[in-house]
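The data blocks that follow each hold one structure.
Each of the two complexes below includes chain A, the first together with chain B, the second together with chain C.
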Partner chain A sequence: MSLFLVITFVVTLLAAVAAMSLRNLVHCALMLAIAFSGIAAAYLQLNAEFAGFTEILVYVGAIAILIVMAILLTRSGEAPEKSVLTSGWLAGVVVTVMVFTTLGWAVLNSTALPPPPVEAPQATVKNIGDMLMTRYILPLEIIALMLTAAMIGAVIIAFKEDGKSKSSQGNETPIQIGNQPEPLPAGSVESRKEGVA
Partner chain B sequence: MFDKLDQIFVTLKHLVMGHLPAAWQPLASAVISIALIPIVFPGLFAIVTVIERKGLGRIQNRYGPNRVGPFGFLQFVADGIKALIKEDVVPRAADKMVHFLAPVMMLIPVLLAYAVLPFGRKMVVADYDAGLLFFFAVGGGVELSVFMAGWSSRNKYSLLGAMRAIAQMISYELPLILSAVTVVMMVGSLNLSEIVKHQNQYTFGIAHWFVFSPWGLAGFLLFLVASLAESNRTPFDLPEAESEIIAGYFTEYSGFKFALFFLGEYLGMFAISGLGITLFLGGWTAPFSFLTWIPSYVWFLSKLLGIVFVFIWIRGTLPRLRMDQLMNFAWKFMLPLALINIVVAGIWHYMGPDWPRWLVCSAILACAYGLLGLGLMHNQKLGKRIYRYAE
Partner chain C sequence: MTPLQVCLLFSALLFATGFAGAVTRRHAILVLIGIELMLNAANVNLIAFWRFGPHPEALTGFIFVLFSMALAAAEAAVGLALVIAIFRHKKTSNLDEVKDLKG
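Our next item is the complex of A and B:
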């Protein structure tokens, strides 16, 4: 294992731990983005170009942004006063380590897995494209159809603009903010308003 | 002789590397190739800011900068010095770390994107097989940095600007990528050098640029509009709409951090224009076979400046859109048209090289354009605007 790979793993793990334990939710989301980038960097150093780029495109470019938008739209982003860790975190760590050890032991000693190939397979973009277009054409087509249908469906739902919501806005009483200025004498403002026919 | 001029930078690089010990050569090669990007493109940025201000001045019947240097062309030096010596104000409530990192985070993905662009014959820094994917992947980092800037400032205008920017970038990324997909379908490769090579053929002295076909023209126009939106240029400059939210997500930035955002925005614009040139306008190739003696990098740069000129022209001409118009345009017009364009590209590929495919493909695209446009304008009560004035 090269030194760069070790550094990448350490940074990724530290970012992942920070993403779990920081108080501010937005900081957690940003740390998660760093962890995703670290995984992508590890893929790139293992010569898995396509997987690395897709990791950045999907996880940093879409999922991190989605999380960030969700945080923005739901809460004010204020950090909680006390620690985010529960009081029983030590027991949690012990249980996690035990489960991980058991699972890892079971997987490593399992005979169900095929032995790892002696020669690393060539995972070039061309090979992946060929496989997607030949052997895995059916799953690809199904996913593509589903995504396209979802996209077109969303557009069709959005295409109908209901005129009701627009006209009802005018009837609502405007929200009073601060000191309202005195209304100007009639005739000075009214006549200058733009009318859009 | 012209071949030597075309390859002068490659030759120079090999000349420098020849003097170094063999162990240093891979590192030196990488450093020399990479160093050119942060030298050439920020230089181009400096010149383009002046050209933009002069051009906008010309459009608006005024002079523009005309004090520093000949015809004001050294204005960027004065601007740069001003940005450097200005005080760096950080709001007290700001999240200091994120506030500091945001402008840096903006520049990194933008500069990374240049790595896969072929600037000339054999002039590409990292010739990845999945170059196009790399370009779109690093673009995601820009959205994150915009969010960091807007959120960390603790200013409602900044936050509004950031949310607008993210919503806009996500919406316009779809037509951007879908219009690029047609080119990938035709070439059968995600490698940008391969895409340029595919367009470097001539019939009757005219190049095989993808823009010279119905699907390519539609794809190029979609790409151009989407790249305008991705680089937050007028008429899609809502994230920094001065009249509404001061300066959007970089309201609270001053001094050189502000300059970094400015730089990042322009470098992003150059990068995405460069990608548009590579995909549809033949990259570094010449439009006519009798012009192939002009060096390849000259073609690339002149095409880039041409697109930047169009961007400046649009900025001087069109007013800013409203937020709902922006979203409607992306989802109800550009996205369906990009999907139809993919189908048209497929039809074009399987109809053979005869003339009927020109007719069929153009007809489908024209119909789709007309119908989608009618659908978009439905219920919009568009008509002649009537003004009433006080007597």
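Our next item is the complex of A and C:
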């Protein structure tokens, strides 16, 4: 257990706490990127180099940027004037303390922890590739399928609702038709839909 | 404390931090950030058990982390898409105001 690893842990935890407690969401996203970088540095020191670089690529490179994009798209870049906590935040804090107490007690008192190995393990990219292409080939295919499905699903969910779905939902209710400035002749529903679209 | 216990305690603290953010903040994106931190804490656990466990040559925890990262990326994409859709629908991303399932 090197001192550098402990420093990495402390910096990561500070960044994580800042990411969860700052008021401005953009600052939260930047602190989250620092926390992810710290976790990647911890992976690098735990002999898991490939996982560390994947962490940088996926989390710092993609997810942090995605979160910043979502913050900007929902126009929540500036800090709110009201409280940033939910109404039942005290119960959340209590549950958090209970969760951490349980986890910490289990870690410190467990007798089932394995003894440390004689020498540090090596995970070369060749070994990982061999494993992924032989023993874990089915999970790899399933992950590929799932990523495709998630990508299509995300695009469909976030796709801008254009006139088609809006007009078919809104214009068929009598209230909406009654609010129209001038009544349209019956039978022109199709043309009206196209006009709204 | 053994090195494994230090790693596990760090992971527990990280998990608690993410959990606290996810259950106490009211902005939807902050909740997603908390969930990402919790997923990362689980990954740290897996890497620590792989590094200090009895059979590291099997690479089990390591491969699990790779798959878990792919799942987390998919989860983040879908979750942020949901946040954007809810914002477009209700003009808010405050979770206290998003209470009903009816659109």
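As a convention for this text, the second predicted complex is superposed on the first by the 110 of 197 C-alpha atoms of A that agree within 3 Å, B and C clash if a C-alpha of one lies under 4 Å from a C-alpha of the other, contacts with A are read in each partner's own complex, and residues count from 1 in each chain.
Quick note on the criterion: a residue touches a chain if its C-beta (ideal position, glycine included) is under 8 Å from a C-beta of that chain, and two chains touch if they have at least 3 such contacts.
Everything numeric here is computed off the predicted structure, so don't read it as measured data.
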Touching partner for A:A16 - first (chain B), second (chain C), both, neither: second
First, second, both or neither for A:K126, with chain B first and chain C second: first
Residues of chain A touched, compared between chain B and chain C (which is higher): C
Touching partner for A:A62 - first (chain B), second (chain C), both, neither: both
Contacts of A:A42 with chain B and chain C, given as first, second, both or neither: second
First (chain B), second (chain C), both or neither touched by A:A158: both
First (chain B), second (chain C), both or neither touched by A:T54: both
Which of chain B and chain C A:I34 touches, first, second, both or neither: neither
Touching partner for A:P139 - first (chain B), second (chain C), both, neither: second
Touching partner for A:L103 - first (chain B), second (chain C), both, neither: second
Where chain A meets both chain C and chain B, residue numbers: 50, 54, 62, 69, 151, 154-155, 158, 161
In the complex with chain C, residue positions of chain A that touch it: 1, 5-6, 9, 12-13, 16-17, 19-21, 25, 28-29, 32, 35-36, 39, 42-43, 46-48, 50-51, 54-55, 58-59, 62-63, 66-67, 69-71, 73-74, 76, 83-87, 89, 91-93, 95-97, 99-100, 103-104, 107-108, 113-117, 120-121, 123, 127-128, 131-132, 136, 139, 143, 146-147, 150-151, 153-155, 157-158, 160-161
Touch list for chain A against partner chain B, complex: 24, 26-27, 30, 33, 49-50, 53-54, 56-57, 60-62, 64-65, 68-69, 72, 77, 124-126, 148, 151-152, 154-155, 158-159, 161, 163, 188, 191-197
Touch list for chain B against partner chain A, complex: 95, 98, 128-130, 133-134, 136-141, 143-144, 147-148, 151, 159, 163, 166, 170, 174, 189-190, 328, 331-332, 335-336, 339, 375, 379, 381, 383-391
In the complex, chain C residues that touch chain A: 1-10, 12-21, 23-27, 29-30, 32-34, 36-37, 40, 43-44, 47-54, 56-57, 59, 62-63, 65-67, 69-78, 80-85, 87-88, 93, 95-96
